[in-house]
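Here the chain labels run A, B, C, D and E in written order, and each chain numbers its own residues starting at 1.
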Amino acid sequence: MKLLRQLLHNKKAVIGLAILTIIVLVAVFAPLLTEYSPVRRVGRPHQPPSWDHWLGTTRLGHDVFSRLVHGARVSLAVGFGAGLLITVIGTILGIVAGYKGGVVDEVINFFTNMVLVIPNLPLLLVLAAFIGQASPLVIAIILGFTSWAWGVRVTRSETLSIRQRDYVKSAEMLGEPGWRIMAFEIFPNLVSIVGINFIGSVIFAVIAEATLEFLGLGDPNTVSWGIMLYNAQNASALSVGAWWDLLAPCFALALLGLGLALINFAIDEIANPRLRTGGMLARWVGMVRLGEGKL
Amino acid sequence: QSVLTVSSEQTTTYVRNFNPFGQTSARATTLDFIYEPLVVFNRLKSNEANFRLAESYELADDLKSITFVLREGLMWSDGEPLTADDVVFTYDYIEQFPALDFISVSEQIASVEKVDDRTVRFNLEEANSLIANTIVGMPIVPEHVWADIADPVTFANENPVGSGPMTEITRFTPQVYEQCRNPHYWDADNLAVDCMRMPQLADNPQVLAALADGTLDWATSFIPDIDNTFVAKDPEHHKYWFTPSSLVSFQLSQVTPDENNRKAFTDVNFRRALSMLIDRQTIVDIAGYGYPLVNEDPSMLGELYKSFSNPEVEAQFGQYGKFDLEAGIAALDAAGYVDADGDGFRDNPDGTPIAIDIMVPNGWTDWIDAVQISMETMTEAGLNVKMSTPEAAVWTSGLIAGDYSMTLNALASAANPYFPYIRSFNPGDFGKSRFTAPHWENAEVMELLGQYTQIKDPAEQKAVMDKLQLIVAEAMPVIPIYNSPSFYEYNTSRFTGWADADDPKYSPVVSNANPARLLQLLDLEPVE
Amino acid sequence: MTQGNASAPILALDKVSKIFGSADNPVYAARDVSFALHSGRTLALVGESGSGKTTAARLIMREYVPDRGRLLFRGAPLGNADRTALKSYRSSVQMVFQDPFSSLNPAHTIHYHLDRPLRLHQRALSGARRRAAIDELLARVKLDPALVAPKFPHELSGGQRQRISIARALAVNPEVIVADEPTSMLDVSVRLGILNLLNDMKAQLGLALLYITHDIATARYVAEDIMVMYAGQIVEWGEMESVLGNPQHPYTRLLLSAVPDPDRRFSDTRFDDELSRVELIRRQSALPQSDIRQVAQNHFIRPMLQ
Amino acid sequence: MGFLLRRLAFYLAAFLAAATINFFLPRLMPGDPIQIMFASAGSELSLENLNALKLTFGFIDAPLHEQYLSYLKSVFTGDLGRSIKYFPLPVTELLGRALVWTLGLVGIATLIAFSLGTFLGVMAAWRRGTLFDSVVSLLAIFSSSVPAVVVSLIVLFVFGYTLGWFPNGYAADPMLDPGLTWEYARSVLYHGTLPMFTLITVLTGGFAVTMRNNMINLLGEDYIVMGRAKGLSEGRVMLWYAARNALLPTVSSLAIAIGTILSGSLIIEVVFNYPGLGNTLYQAILARDYPVIQGQLLIMTAAMLVSNFVVDLSYVLLDPRLKKA
Amino acid sequence: MTDPVLSIRNLNIDYIGAETDFHAVRNVSFEIAQGELFGLAGESGCGKSTIAFAVSRLHRPPALIRKGSQILVGGRDVLALDEDELRRFRWSEVAMVFQSAMNSLNPVLTIETQFYDVLRTHRGMSRAAARERAAELLELVDISPDRLFSYPHQCSGGMRQRIVIAICLALDPRLLIMDEPTTALDVVVQREILQRIDVLRRRLGFSVLFITHDLSLMVQVSDRIGIMLEGELVEVDDARTIYRSPRHDYTRRLWASMPKLHGARIGQEQRP
């Protein structure tokens, strides 16, 4: 809650949250925003943007705008679903490894480091191909189970430093059980790390989903931004000059990425006050200009 | 020196492999250009024979053997004579190494014997009037080279000794290779091209780029919106001609595991109604960029085999091959396929539900588009359909086993309608070939097909073929959609003599599935 | 035991050693350390940084297991004691940490910090009684319960935070409190308040206190007895005034001479003798020495090897 | 040295684990590679022929552990089998060809992106709160959050299709003879520009943000203030006191970033049809070219391990505190 | 009386905030004479370091030295220097020892380089000459010249502190500012270092601004002392005088709360 309040005081966070909120609203109210079905032919192939079709039509004559707003649902769902999974796994393993230490730590750390050195996207490609026709749900799940390593690493190292703090020691000396120390003494102090990990994972998941689908490993029945890219690429949208077909999902993805990254950056600033620049520097510059003083 | 720049295959890297038995691994210019066929049959001219290595062939009266006579003075590209021994050797060889027999010809042949130095007789397992078409598909290789090869399957044949016009590999890199004139070519007088150059091009857009800037003389590639993207760049020299080829059709498994679906799929009324729900023209226009040819022939032959067609088919069953949403809906209603349980979808007459899953291989986008377009009208007619896109391998094995519900399938074109029919309906192939995917059995059809190969008299043959067409059209075991085009683009600025719509002398497609490309090569003349 | 004291000690270390580092390069953080804590008395442990003071505290808190020697609780060794014995040990021995900024969890309120020990160690208490107990604890450390309880640690000053730490230690009703440099991070003006508080606790609740510091002046203020530690060994110990007034071990003298003393200017040369021998004293004091010499009635040293 | 030895042991274990995963993953994929070959070729094959072919390709019905052992043996002898799609090209040769392109692309791009990003990060941190800082931070956030696929498509659209300044694909003019000629080199550069540019765009932001944050965290350190108090020039303090130290965590984050870099290059290679490892993997997956997929993952893992090791090494070189440890 | 080495008048320093400013130093004035050791004492956060930074103008935004403030070093107005002059002024006139020895040496440069940095920038010395001078300086603080090629982490805390002092003396500055130079060290080492500074000061004749919160130590070493409270300098006087007869209430409270090593224990009755 405190984090949220602080976020609302950060300009970057506000812009990021605004972008995210708009995308979420668009996704939720998609059917109200367009009269066209995203999966039916509603026009001739590859019509350029017009009053009838704000963002033109696809090769199949689907309305790009309608696909875009409906696609937001899938991209958001996969992003947040996978992000949640990645964060939960990463946080739990990280805290356990960092706090328990010893063999548990060695084992978790070994696996983490190993997963970190096996290239992720190629592995995802092979996995997605192995599963075949990966639906968004499946993509979210494989992302969740292959991408937790980074989260473990940062959570673990932060836990290691928190474990050294005296309040953890005093909890131990009071006889608090281990799980309580991890859940109630350590975890609340990891909120910003976990937050950064979560948002970072969401960005990663959104990108990875779009990439997998773009490479043709997704389920073509779904309406998502990745599938839109895939279809546009297959329809040679660029060679035939149908730029809207390809650029619409591109910009949507870029916008979502930007919004999330801004939020992440803001959390970073909140967690680490030194990174903040805020209004004081502007005021400072103004005062120096006015000759109020100098360095 | 005249150099012809060709794109006959798309790849990200070239591997020096000219093994003519390696269907997919050898360079696409191996067959026909290095290993000349005995005969080239011209599909566009009712299967007319163009004699190449063979100067003639003769089918025995009982149709149980066929004798080929080779030209006089044939030589391999290394100067050794090419004789009947080489032919016999080749067939012994593929018997010995079954993996080499990529067209499964051995099983139809009982024995091969040398009659004299220029004459070979093939003794057949069964009478077959069409066997020549199959036999010419197998390249003949020189005994003096291949006899010593220990493992011919993995043999890369980097410096081929061949019989065709272009046997000398003068340059080979992963990015480009050149193949030049055979010094001992028997038909050198007809050959005006000195070398062929094959730049490595990875995909359609790259071929398009090379075509558009005029680098390529001869190519086979799908090109979107070709009039604007290619022809318009140089309307005088940039040309194309797309000829209809393999048949793309919807197929319903007669042995589908879902009992309820099976009830509908085995009902001819259902199949007919379904056929009427497919908007073929839209599919061709949108999914196919207008390139394919609509196939509305319930006997599935269509324009491609026009010379064989039986007008009765159109008269009796023609309406079932045409898109007519209302009629299709009416037909479903009439046959009792109505929504019995009120879930919004039509059910079987007995009230059991129908749920169709159309399977298309992952990544075959034009097919996926076609299915999506078809689903729109099918859904509008109240059918419960969805699409799945498994890997091509899964799709293939599903088709072979028949445990799918509905699919799109393609069937290569052939010289004679006998081939599409036997490939599609031969129960002997059930569980072996994806072309028998519908698993539709009809004893009479098989009986007639059996007769067809054993008749020599053309009139009699026609009668049998007419009958076959009627039976197939009535039952509609496959729902034809369109014949996809063979892509053929060419540039007239450096060479002339191209076959085109005005002079459809043979199929000029440069892919390795078309032996007639040899004829095209020989007809080319450099522009002065 | 070496401390001449009538009552039985509550807690004692008996020849405890703790070794860190590798076998070929061992670091003796504690070498044959023995001392005892008695209720109502404070024992100060002084020594330069790295001499092993914190290690001694951790040994008592059972954060480290001794490599040699025993930890005696009410006279009984606490080697492989069972869970219930451990639990009763936990509720009898508590610690106050050096850094008031890191000893309270920034994510929880003061109420939570006092509520937990009560829940864990006085299960019988009902919710209302617990609330009352918290108020009482806060009042004991001279904080206004109504004002402080709902606050978060960062809303309090360093001195207030250190009081909360003490209150938390008291919440379990301990007999022994180990305070590891509890005032070294506090401002001069609040330091005294905390020391007075510790003195009060000792007097009113009869606590045994181990006061660890490198500031001998504050040690003198709260403790009756003192031990001087160097390189893991206790080199001199005994009654406070006796040790400070008549330091015998060269290291003790060195330490005392170095302690800033406003009454003596730098030009004053009383202890310059030691200061000129710093390196020698350090080297010699670090050697193990098992001899013990009694200086006065309650004042011992391990004589430095020559 | 102990540090490096320990890392080396870890890398060996990780490589073995990756090799094991490599072995099982393709084997779990559905479908039969031989069948795929012929399905896509559209020709028929009798059962006997199919089996004969399978035999020659080594897809035998031996027990799994036997297959595994022989696989491990071949991995450590550097024999990764032959490609199915490009039969009979050895996988090592195929990957070798691709590796050259990827190494060139990724190597140069990483070098440029790392230098540029680090430089921008240093400058932004040094001028914290100025317009320069705001612009750099914002651009950096943007570039590191936009998917590589989006960047590459947009770059391709703008510079390849709309402006037509650069080719839309491939590593060099296919009509040219590869070799050390001027013409060829120019063609390689010309074709590499867009993929390189894209990769640099995708990577620079991340480096810049990391460096900026590390720098800012260091700026309060006493030794930096002391550097300024010593009256040293601004540049000296910025580079040798601040940046030099801030580089350490950045270098260690580079190790993790290598995975991202490889992933980024994969997608860029696919979009720009660049004949590197990523594109080869993509093609191999589409064609179910098992030996290539296996070799591919292995080589990519090995590349990751090697680059991680290089990072470890440079870390040791950069940080004097580790030398004695 | 000669000109003071350092003269601060009406020094006001604010930390600019997003909405309100924090007045860290308010109207502070004092002087340090030639060869004098001036102590600045006060609780944590009262603005001692802020003053120290201002003398070499080391502040970074959002600190702001308000107009009207004056800092004179050897009679020169420090606040009027431009960038270049400032660079030349730093270290050659005023050198500084920071709060913790551990962190004030650059961990990735050898000791030698850190000497060389100064000597080259200000004196344009060659590496060899700088090495010689550095060795000399190290000897002043009793450290073997072999140490020149070590990295900071290879030296102990006390050693590092002495190295910093040696670097400080490299240019014979008039004024040495020591901002809590020994808080991280134990008393014995602290004593050693301060004694050495005391000796060097007498020998070389520089003045020292000594900052600490340890009052006992301050009285022991300083000639004159300033006591700060919340940004204001509440009392300045001779060390003895301040110790024996403090005038300001706050100073008196500080003394009262200091336990002493000798003499009577402060009784409970004296509790504030």
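The rule we apply is simple: a residue touches a chain if its C-beta (ideal position, glycine included) is under 8 Å from a C-beta of that chain, and two chains touch if they have at least 3 such contacts.
Just so we're on the same page, UniProt names per chain: A, D = ABC transporter permease; C, E = ABC transporter ATP-binding protein.
Fair warning: this is a prediction, and the values are worked out from it, not measured in the lab.
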Co-neighbours of subunit C and subunit B - touch as defined: A
Starting at subunit A (ABC transporter permease), fewest touch steps before arriving at subunit E: 1
Partner chains that subunit C and subunit E have in common: A
Farthest chain (mean CA position) relative to subunit E: B
Selected interface, A-B versus A-D, where C-beta contact pairs are more numerous: A-D
Most distant chain from subunit D (ABC transporter permease) by Cα centroid: C
Geometric centre distance via CA averages, subunit E-subunit B, whole Å: 91
Whole-Å gap between the CA centroids of subunit B and subunit D (ABC transporter permease): 41
Gap in Å, rounded to a whole number, between the CA centres of subunit C and subunit A (ABC transporter permease): 49
Between subunit D (ABC transporter permease) and subunit E, centroid-to-centroid distance (C-alpha), Å: 51
Residue numbers of subunit E (touch at least two other chains): 60-61
Interface hub residues of subunit D (ABC transporter permease), defined as touching at least two other chains: 29-30, 128-129, 168, 219, 286
Set of subunit B residues in contact with two or more other chains: 205, 363, 390-391, 394
All touching chain pairs, where touch follows the definition stated at the start: A-B, A-C, A-D, A-E, B-D, C-E, D-E
Complex contact set, residues of subunit B against subunit A (ABC transporter permease): 204-205, 208, 224-225, 228-229, 282, 285-287, 362-363, 365, 368-369, 372-373, 376, 386-391, 394
Sites on subunit E touched by subunit C in the complex: 43-44, 185-192, 194-195, 198, 213-217, 219-221, 243, 253-254, 257-263, 265-266, 268, 271-272
Footprint of subunit C on subunit A (ABC transporter permease) - complex, ascending: 165-176, 184-185, 188-189, 191
Subunit B contact footprint on subunit D (ABC transporter permease) (complex, rising order): 29-33, 35-49, 52-53, 56, 82-83, 85-89, 94, 97, 167-170, 172, 174-178, 273, 275, 279-280, 283, 286, 288
In the complex, subunit A (ABC transporter permease) residues that touch subunit E: 278-281, 283-285, 287-288, 291-295
